[in-house]
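Per-chain numbering from 1; labels A, B, C and D assigned in written order.
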Amino acid sequence: MPKSKIGVGVLGATGTVGQRFIQLLAKHPWFEVVWVAASERSEGLTYAEAVRWRMKTPILAQVANLRMAEAGNPTGAPKIIFAALDASIAAELEPRYAEAGCIVVTNSSALRMNEDVPLVIPEVNPEHLGLIPHQSWRKQGGMVVTNPNCSAIGLVMALAPLHQAFGLEKVMAVTMQAVSGAGYPGVASLDILGNVIPYIPNEEEKMEAETRKLLGHFDGARVVPAEFAVSAQCNRVPVEDGHTESCSVKLARTAGTEEILAAWRDFHPLPQRLKLPSAPERPIIYHSACDRPQQRLDLEHGAGMSVSIGRLRPCGVLDWKFTVLSHNTIRGAAGAALLNAELMMAQGYLNQLSNLEIE
Amino acid sequence: MPKSKIGVGVLGATGTVGQRFIQLLAKHPWFEVVWVAASERSEGLTYAEAVRWRMKTPILAQVANLRMAEAGNPTGAPKIIFAALDASIAAELEPRYAEAGCIVVTNSSALRMNEDVPLVIPEVNPEHLGLIPHQSWRKQGGMVVTNPNCSAIGLVMALAPLHQAFGLEKVMAVTMQAVSGAGYPGVASLDILGNVIPYIPNEEEKMEAETRKLLGHFDGARVVPAEFAVSAQCNRVPVEDGHTESCSVKLARTAGTEEILAAWRDFHPLPQRLKLPSAPERPIIYHSACDRPQQRLDLEHGAGMSVSIGRLRPCGVLDWKFTVLSHNTIRGAAGAALLNAELMMAQGYLNQLSNLEIE
Amino acid sequence: MPKSKIGVGVLGATGTVGQRFIQLLAKHPWFEVVWVAASERSEGLTYAEAVRWRMKTPILAQVANLRMAEAGNPTGAPKIIFAALDASIAAELEPRYAEAGCIVVTNSSALRMNEDVPLVIPEVNPEHLGLIPHQSWRKQGGMVVTNPNCSAIGLVMALAPLHQAFGLEKVMAVTMQAVSGAGYPGVASLDILGNVIPYIPNEEEKMEAETRKLLGHFDGARVVPAEFAVSAQCNRVPVEDGHTESCSVKLARTAGTEEILAAWRDFHPLPQRLKLPSAPERPIIYHSACDRPQQRLDLEHGAGMSVSIGRLRPCGVLDWKFTVLSHNTIRGAAGAALLNAELMMAQGYLNQLSNLEIE
Amino acid sequence: MPKSKIGVGVLGATGTVGQRFIQLLAKHPWFEVVWVAASERSEGLTYAEAVRWRMKTPILAQVANLRMAEAGNPTGAPKIIFAALDASIAAELEPRYAEAGCIVVTNSSALRMNEDVPLVIPEVNPEHLGLIPHQSWRKQGGMVVTNPNCSAIGLVMALAPLHQAFGLEKVMAVTMQAVSGAGYPGVASLDILGNVIPYIPNEEEKMEAETRKLLGHFDGARVVPAEFAVSAQCNRVPVEDGHTESCSVKLARTAGTEEILAAWRDFHPLPQRLKLPSAPERPIIYHSACDRPQQRLDLEHGAGMSVSIGRLRPCGVLDWKFTVLSHNTIRGAAGAALLNAELMMAQGYLNQLSNLEIE
């Protein structure tokens, strides 16, 4: 859409999600990485020297040679910043960048639940971007937009069409989460080889609160969280990539199998209509085979941005149960932020960029 | 308890569960294996020749040298038979052995839901053995007693004290099951390395039906299944041994954390009071650490017969949620049948054995 | 190169390697799949119905709808056949297809060591195609060309430049092989989760004999195997894709680190000069980081056709040791056969095809 | 042997090897843990509070309640110390404890190659304890004895009978090592799930040097390393416990299959003759099945102290090749040190202990 590529920065560029940003941005039609920052330790090194690269594709040469900036200092940062900092650091630095006039599109959980910060999945609640004008950072020209936790995003993609069509009353989700969700070094191999860890710190709380905010109503001034009950149980399993979730829902209005499948099949939301570059042609793919979705087979649909669903069947306690799978570091992290930025571009939130003209 | 060891047979002795029977019986104080049978293919071989042994301890020498009998023919079989046949074969052969006067203590699912066949966990519903006199096979001196599915047994052990103390209204369970539950060769490595398979054939149906039967009421003539709602979702994960289950329950009567923990802690059922050889001192172990139970740490408590529970916390949809772990091939299969036989011995169901006197 | 795509067949199309053929051919510039065959069991089904598809990309629609032929019968098969049958079946069927006039480009081991059958890696010994005119099947217009075992191919790619530059005297290789090399269902998960199996049937014999034949001399009439000693030890490890090999070599002529690295770096063989579609730009990639190559990072270079080497260092027993990694089902199987067919096309062996003109 | 148990200390008691010491000593007939030390951080906590316990058996109650000492300070430490410190810390602290009069039996690599420090496997080179009187620490009553690296110990156990019977000329070994060898947290799960890492820092150097020292000749004053060539290649694989090694050897004297098998079978060394408590009845177990030894089946023989060998066959480059498996944290670490201490006790090196009488 822009006439020439827009230079962007990546904050926390050496971590797992940071690397995924660098990888996905390497072939992005609108954005190009011109600035990378991480902790003081790597300041002055080139990106290639500073990073312990864990992606399967090589680092783009022009990014490999970028000099690392120090994350604590926004001076010299470009206007648009993709952020992948640890939550505790993000809580301090993201507002600092916004105050310095940056547009911070972040995967961190730090500000997600802030009243004036939009928590957005472009397919689900693009209208929540309407919170932006209420942010205090607008005075300096900055803003912050967040995407949800990797475990919430697959669930909410599956729930959104159901909530819209039938209304949700109760939601239960049990996750089986991949180790890449814990960053690097993350989970010790001795803790996970041949093992299930039935606990991920703060994950259940995030899933429950974010799900309600994402499916909440934006009344022009604030987001009123959805009122349905959500209960999450989060487990870590010995899988590299891809979060599987066993879900049950109770609907406000009775619906049959065909109606539910139709709700998913006919889900054709804004990013797909806008043909945003990272929007998968099919945001939701329903698999009719009885043993799907699986990481081995279904993780790379839509370049990791499609959410796979399977096993829709009646639930003896709530109404329906089904399984959801999503790619936790693409759809659930870096790809989510990228799609948010694309939506912001399409909706004019990045208009103020001097080097940019929307065609 | 018996003056000399009682000779028993193992039907389906070469499979995964059959091998576990042979292993556990090797050191049993009451029983000793004198007869082994499997399919026609291995007839006439010694057990050592016929089996592809996958246990970590060596085969007991006297069992290694037993000649394999052909499973189809009960002639020459001892009175007590531990059975570990595939369900489809068991449906035909278990009645045949019972008709021939054998006491069949089986892990197979074939007859579990039959009206006159007790489905028993000795800690939970020992009184269901009262169904035995109603079995048609009594005329020939035979009987059949079953233990539940490996995924039902951990759940029901955790539920039983709650049902007794507070009443259950709704139960949801999502399982993460080990590959050893599928037998050998079982799950292909290409299907499970780095993968979750969200489907196990017939497993959810078994869990739901068996849970209600196990917690049902024996009225002297038949078992009336418990009436609470159960919903199960079963997943296979890349773990060798041990099924983890994320559970939620709604109770009939309000209970606080302390009351629930006390119900589990004070659970001191019949097998423990009778000091049956395979009964673990602590049938239920509650772990207070936030990331327990885990296969790596908690699978071998009580020699694989204790059930581990952890993470009790309120549930936003039902009342309480918690995690259960049990050893699927010990507590969930061969050990379960062994404990059933011990209970039957202690309660006099094996009295007719000529070579046995209970002290 | 051809004006329109050439229709080809895949024999054994439903197996693991067969599926990889279908996947790789889906985007091939010269060939398109018009015929698929497997065992009698699937005759008459569509390919989509017959296959248990395990690839990460979907089946090409036009292939999904092809009707399965019965592998035993060459009638109706196209001229060019890619074959992925089990060795025991291949031994019977591949000659039958060649006798029926087909050009059989096969991954099977059945005929690899036959005197008049070329065993070819296009980067290493393209001149061995000169054996073709000596094949008895030429009378009927047929021929058979084979590619090596998945464990031999990475090793020989690494050895070829050394053999050419310095001469090889002794070669030792210990493999750590992925489960996908065993096909489907292949290795049982209970045998490989958390385990190393130090044995793969016939694998060591194949590696040793094939290495010598591949690096042997074609004297215009036959291939004289290379004379150096080779010793292989083959292990199966819990890895999905990618064979790692720890290698040691003794050279005929003394060489230093720089010379050896140069031999690999300057390896620019025929397929790359011909720009064959499946030839990776860099057939050998040397990684200087001390802990490379690794499956996680280095398996997809050159779309799975590059061979990765690392850790060159002196050996206390022979002269040099190093580690090799190659993708066992792409470079080591289906991709290998495809590259063979491309070489055959470029060298005129497929000229007789009526529907083909080489530009 | 001693009339009452001897109180011992464990230095580095909270690490992976330290925990294994605590676990193995819990049931030791001669020793009991009365003192535990680790870094300053845990000083004053009880052991149960300080440790992140990862063993499958619970902590012995009396050890759980011990107060942690600070490792830097030997004051108050008991005479006998089992040490499991990181090498860099051990280099400083082990001499400090020896100077303070302690008998340090250590698993650390820090002092292994010191001229006057015995590097001992009791089955292989018990006479190397003769170095002890040459240690400078004898003046203060202290001494240090080490055991080899976890990857050297299995290899050397297999080599010792061959070296004695036939003489070794060349040895090559390629290891596939379990993650538990790297301690905790050790290897990141993202680095090892579905992956092989062809590098372990310093491991190859240790294996090569230690193998020669262990099989060296003690001439009464010093150990002259064995002169044969050794070349090691070390890989990390996704296995929890147990190092597999593919080995090749060249012998000084020709030997046939039967002679080699006899050398292993007839290996009945000192610890077994002395019936030391941790000495396995069969120090070496040869498995004749073609696919053994394996972690899943062969790791727990001799309570983890037996070394398993299999696949003896001719090598095309050296003379013979075979596979070795040993338990890396029992035979390869804590169990090794324990057996060293038992040997020292039996040979009178611990005589000076006031509370001890050898019967």
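Please note the rule applied: a residue touches a chain if its C-beta (ideal position, glycine included) is under 8 Å from a C-beta of that chain, and two chains touch if they have at least 3 such contacts.
Please read all numbers here as calculations on a predicted model, not as lab measurements.
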* Asked: Taking mean CA positions as centres, which chain lies farthest from chain C?
  -> B
* Higher-contact pair (C-beta pairs counted), A-D versus A-B -> A-B
* Asked: Using the average of all C-alpha atoms in each chain as its centre, how far is it in Å between chain B and chain D?
  -> 40
* Centre distance in Å when chain A and chain D are each reduced to the mean of their C-alpha atoms -> 48
* **Centre-of-Cα separation between chain B and chain A, whole angstrom** => 43
* **Sequence positions of chain A contacting 2 or more other chains** => 54, 190-191, 193-194, 238-240, 296
* Asked: For chain C, which residues count as touching chain A in their complex?
  -> 53-57, 193-194, 240, 296-297, 299-300
* Asked: What does chain A use to touch chain B in their complex?
  -> 170-172, 174, 176, 190-191, 194-199, 208, 229-231, 233, 235, 237-240, 242, 244, 246, 248, 290-296, 310-311, 315-318, 321, 323
* **Footprint of chain A on chain D - complex, ascending** => 16, 54, 179-180, 184-194, 238-240
